[in-house]
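Here come two complexes built around chain A, the first alongside chain B, the second alongside chain C.
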Partner chain A sequence: MKYPSAFEVLTHSPGTMIGVTLVAVHVMVTLFAPVLIPFEETKIVGPVLSSPGSVENWLGTDNIGRDYLSRLLMGGRTSIFVAMVSITFAVLIASLVGISAAYVGGIYDDVVMRIVDTKLAIPGILFIALIVTGFGRSIPALTAAIALSYLPGAIRIIRSQALTIIPLGFVETAKLRGDSLPRIIWKELVPNCQEIIAVEFALRMSSSILTVSALSFLGLGISPPTPDWGLMIAEGVKNIHTHTWLILLPAAFISTLVIGLNLASDGLANALGLDAARGIN
Partner chain B sequence: MQHEGLTEMLILELEGLTIGYRSVNREIVRVVDNVSFELEKGETLGIVGESGCGKSTLVRAIMGYLRPGGQILGGNVRFKGTSVLALKLRELQRLRGRQMAVVPQNPLSSLTYHMRVGDQIDEILQIHRGLNRHDARDETLNLFQATRLPEPAQIYRRFPHQLSGGQRQRVVISAALACQPSVMILDEPTTALDTTTEMQVLQLVKELSEEFDTAIVYITHDLTLTNYMCDSVLVMQNGKIVERGTALRVFKCPKEKYTQDLVAAIPRVDQPPRHKKSYVPEDGDALLEVKELSFAFRPAWSASTLFTKQEFSRAVDQVNFSVRRGETIGLVGESGSGKSTIANIVVGLLAPSLGTILLDGNPLSVLAKKRTFEQRRRVQMIFQDPLSSLNPRQRIETILTQPLRAFFGTSPRDARDQAAKLLEDMELPLRFLSQFPRQLSGGEQQRVAIARAFAAQPDLILCDEITSALDVSVQAHVLALLTTMQRKTGTACLFISHDLGVVREIAHRCVVLQEGCVVECGTTERVFTDSKHPYTCRLLAAASRQDGLRDQDKVLTN
Partner chain C sequence: MLWILIRRLTLSLLILFLAAVFVFLATEVLPGDALDVFLTADDLAVMDEEEIEEMRRDFGLDRPAWVRFWDWFSGVLVGNLGKTFIHEVPISEIIWHPLINSVLLGVVITVITLPVAILIGILTGYRRGYREDIIVSNASIVGYSIPDFVIGTCLIIVFAVWMPLFPAVIIAFSDSPPGELLAVSLLPALTVIIGHIAHQSRLLRAGFIETMNSEFVERVRLSGIPEGRVIFRHALPASVIPTLNSFAMYTAGVLSGLVVVEKVFGYPGLGRELIEAVSRREVHVVQAITFLSATVVIVMNLLADLAVIILDPRVRSLKS
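Now for the complex of A and B:
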């Protein structure tokens, strides 16, 4: 008798399939946006706030006359890029720090965990806002700020997974064999934390996309004239009563992407047997 | 017993229950096949079978739970007349825990790591019985007392990882008893416990079941246990019931071949070993000498420990013994007697508080990382749980070649050849080289672990309860392979076990431990036939229960 493989579980859940499809569509649109868009996204091409449905500008124009469809399609690129890079850094560093802290223990573990606790006591958005205002509003600063803000939570989760593996016989055997610290971490611990690392990545991804959008909305994230969904919502607020779609469309793009990521990562966690991982954030 | 209200007497009823799992190639495999039985109030039913016979699936189905991929193909489960399989989740939840309780095999996985054990029982009492915090605490302490946990107030504050296996299982039994259920299902609850603890736990379960008229389903692979515990017995093989009858009849004169084999595979404490042991010269040089070894755990931290001086409880207290080349020393004692602690100290995972360890007359550094390469190679360890001692992400080939490459710097190709040779020695097929530990059965996993230990060509192997997780027939095979390898290589072995039958079967000499102290030490035959210490006598009496206690019990109750 065999259990279904992770892949089978993944493909047999309708929710997960919807999530994967949503993410896939978003990824395709984002990747091919530069060739899909009818106009350059930062160029003024028509009258201000023209209505959708015209032959030239399918979705009309924004408040300074740029093609709205082009901006919408391009609007995810920067925030997805920032989220990807920052989460990749956060999860990689967290894996290294979390696993080594769990294994080495002692003062190293204590120091790491107290720093983590301290960071967890500061609200995330506030922390990022502080860094961005301190170091200037730039993409690298934003990326670093988000990576830093997600690091402690990820360290915690990965460390706790490592703690459950360390007392097991195969780790003790490696210790008794005299394997070096990096070798034990790389060969014995990391492979057994793979699942949690993958799920951590997927879950944090959606939340960091929301964070980037929120920051852009607040004027702390991506700067104009680069198109960004969060920024577009902020720009659309002035005309909320007359041109509601200027807000609704980017909002829909953000939410479909986040919902898709959440469904997909839930499915991934389920398939990998990590139901507990669903609870985080 | 009077059968006035027949419907009320009947607690559990299974009618031709058949459960199937869909395998990868879409075929349905029948894991439980046409199983029927009835359980009356206060009755104890034993279900016996080896791993993979469908026992655990059956238990889950009784509780109204199926693993993903499972389906009921036919039959019914009725609890006090209501069909469990038709209940909604809500109603099931009300049933589980309060009316039906399960004591699982692995107590550690059923306790939450991050909560003090006392709080975990409190929670059950608060949710299911609606007690307030204060009453719940008192009741929990009562339960701990009833399950004979030493110093309940201390245990209450501990975390699961700070308890010994026996203590954990008692905590889990406390949890099961918390709501005074009308049926309690025990799924191999004492497999990991030593015989005296096991007897106490079983005695306790019996007493409590009589007190509350709790019906019991007792699942085990050990027929001697059902003989002690149960009124009637079902023997299962491949999901089917192959034999049923009263416990005594099935144990004493089994009719089916399968049952006969099961009974025969049980190592007996009350009979001399069936195989001749290898010869070890009486005056041989000591390979390993343990002198005045002591170890104390630090007490659990709490607010009160800040201000009062704490008694350090010694887990190991001035232990002396020696192991000669090629010899097998049995280290026996109840759980918590310090057996595993000694093994961990000898191998270098724990630093002793006091004492020295000599290997060939040279003192060993306390921790493995301070020992020389050679010293590490010469002492190898095999762990209790075979699955967790093999890295689930590595193929068997990697697992076996690692020590070869680390200790001898063998080239990958030679290492592969030697790994193949080791598999052959362990009577495992070569195709295992490319497989992962999870694809192997428990016995096969343990044989790989043994092969890995021998790969280092050690002088001494420490075996920490290596067969306690295995079925009796598998155990016999694993032990035979171990002793053959030992004979071939002249390796000495420190064999830690709570199973006295096994120790009698393979150890030349044995050391009996009680609460960290050596109470008796001598040749195995002498200790088993002419024990000097009352504690040893008590252990032996508990272990040979199958012919003593139970029969008298039976006569009295009938």
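Now for the complex of A and C:
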């Protein structure tokens, strides 16, 4: 297979280009939000629930009088941060465990797969709710819970990819050459799984942003006063009959971010000749 | 074939046991015991050591972890899920009605999702690469990208605020008759169906394309069978049956979705009960609901496995 250049990946199809653009805009906004915002996002600056369009508060204020635009722009930072840290850990560990389980086989593989099966039997949000119940509602607990929750699925996918590579000649050659186990895994297997690892990272990233915001919406994730889109929607429901924009704006932000990520990762998967339409839960 | 069945059954039981161990570890062993989780800092401020120790003895939490685990697990196996901290109500009593209500909603969702997803999967798979496939495929990415709670809240805004056709909050009790609940389950069901159809149809599309390119479809075609029959009689079963393997993931997805959507609409199901239990720190209720959900997923997976073994001659001959 000809290896696609980064440019070819980014411009794979109109859908991919839309996705990449959306993600780029979100990344810029998220990175520069602290200098863009007119007010501190947790400070009460005006009357409660003022309408958008005023000179001071462009998008009005929320239900306790904080500047809505500032909260909106800052609202992705925490969930994106949690998602990035947890997915980086999950995919890194999953790569090592999945590939080594495929290569070593035997009891180690069996034990790993039974643990994976056990996690996959517990639905994602319930799994995290359980850990949040046990360890309390904090950012570290949330990050760990999400990493744990995404680990098994990633192990399964990466392991099955590794299983297709292990019978190939160059792995056998390395073994006969007398290469050590870590060296075979690191030098022969990991590089040949990197495409699936990249797609896995992209897909699970978008999925975990969905999960973090859903958890915040449910009151299990990020806690107030930190601004978060999921949390803002949950707060907006109280005034759903009169102030629908307090719901629709964060809804648009979270949706465009995840749509962008998924369109982009679908393009990435297609450009690498993989199928993104596998089960992610 | 009998051996496959026995193997699958043993594995399912093992996983059920491991799930129980995990549920117990995460709530009652690693963070301390159930009482450590239940009592807040405020509670601890007004209680002295002796009172806490007495409570601990009352709930039998002074025994070693493995004794408590066995006590809990053996109770769960016979349907005794334990009691709540507040008022000591049997948990099976609390979650019985919500469970039925959630099953009802889950069935409504599945009955609508699967046929529509299969149809869209075939359609886009058959017209692979054409304009309609590209449009539907991108639309389905959008469909599963929008969070459930956003879809749900937007449906409320459209159908309850802008066009007052439905009440914004469901007024139904957990022991309302099924007919009444069915009537209010429309918007909650619709909310999760969008994402599930988008996801399942993409899985089916991939399977269908693979089947249509296989030799046996080519052979069926060459023997002069009309295209419609090739698709529905030959290619469809061959591509749908293998996707039954992902049925466990689908079930888990529905259960996760239910938690969110029941909260959005105030539907009196297991998910809403779970969220309330988490905020009240009722460890045993959270344990019971999580373990029950895992059991549902494991049983559904087992049933799907059996269905594949019975329906798919390839699996039957390959493994026996």
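Annotations
To be clear about the criterion, the second predicted complex is superposed on the first by the 265 of 281 C-alpha atoms of A that agree within 3 Å, B and C clash if a C-alpha of one lies under 4 Å from a C-alpha of the other, contacts with A are read in each partner's own complex, and residues count from 1 in each chain.
Definition applied: a contact is a pair of C-beta atoms (placed from the backbone, for glycine too) under 8 Å apart; a residue touches a chain by one contact, two chains touch by 3 or more.
As the structure is a prediction and not an experimental result, all values here were calculated from the model.
Once the two complexes are laid over each other on the shared chain, residue contacts for A:P191 go to chain B alone; chain C is not touched. Of the two partners chain B and chain C, more chain A residues are in touch with C.
Once the two complexes are overlaid on the shared chain, A:I80 sits clear of chain B and of chain C alike. Judged by the touch definition given at the top, the superposed model places A:L168 against chain B, while chain C stays out of reach.
Applying the stated contact rule after C-alpha superposition, one finds that A:M232 touches neither chain B nor chain C. By the document's definition of touching, neither partner reaches A:L142: not chain B, not chain C.
By the document's definition of touching, of the two partners only chain B reaches A:D179; chain C does not. Once the two complexes are overlaid on chain A, none of the chain A residues touched by chain B in the first is touched by chain C in the second. Listed in rising order, the residues of chain C touching chain A in the complex are 11, 14-16, 18-19, 22-23, 26-28, 30-31, 37, 134, 138, 141-142, 144-150, 153-154, 156-157, 161, 168, 202-203, 205-206, 246, 248-249, 251-253, 255-256, 259-260, 263, 274-275, 277-279, 281, 283, 286-287, 289-290, 293-294, 297-298, 301. Every residue of chain A that touches chain B in the complex is listed here, in rising order: 1-5, 164, 167-170, 172-179, 187-188, 191-192, 194.
Chain contact summary for the complex, chain A toward chain C: residues 13, 15, 114-115, 117-127, 129-136, 206, 210, 213-214, 217-220, 230, 233-234, 236-237, 240-241, 244, 247-248, 251, 254-255, 258-259, 261-263, 266, 275, 277-279, 281. In the complex of the two chains, the chain B residues touching chain A come out as 21, 23-24, 29, 31, 68-69, 113, 161, 347-349, 368-369, 373, 376, 380-381, 383-385, 388-394, 399, 402-403, 406-407, 449, 452, 456.
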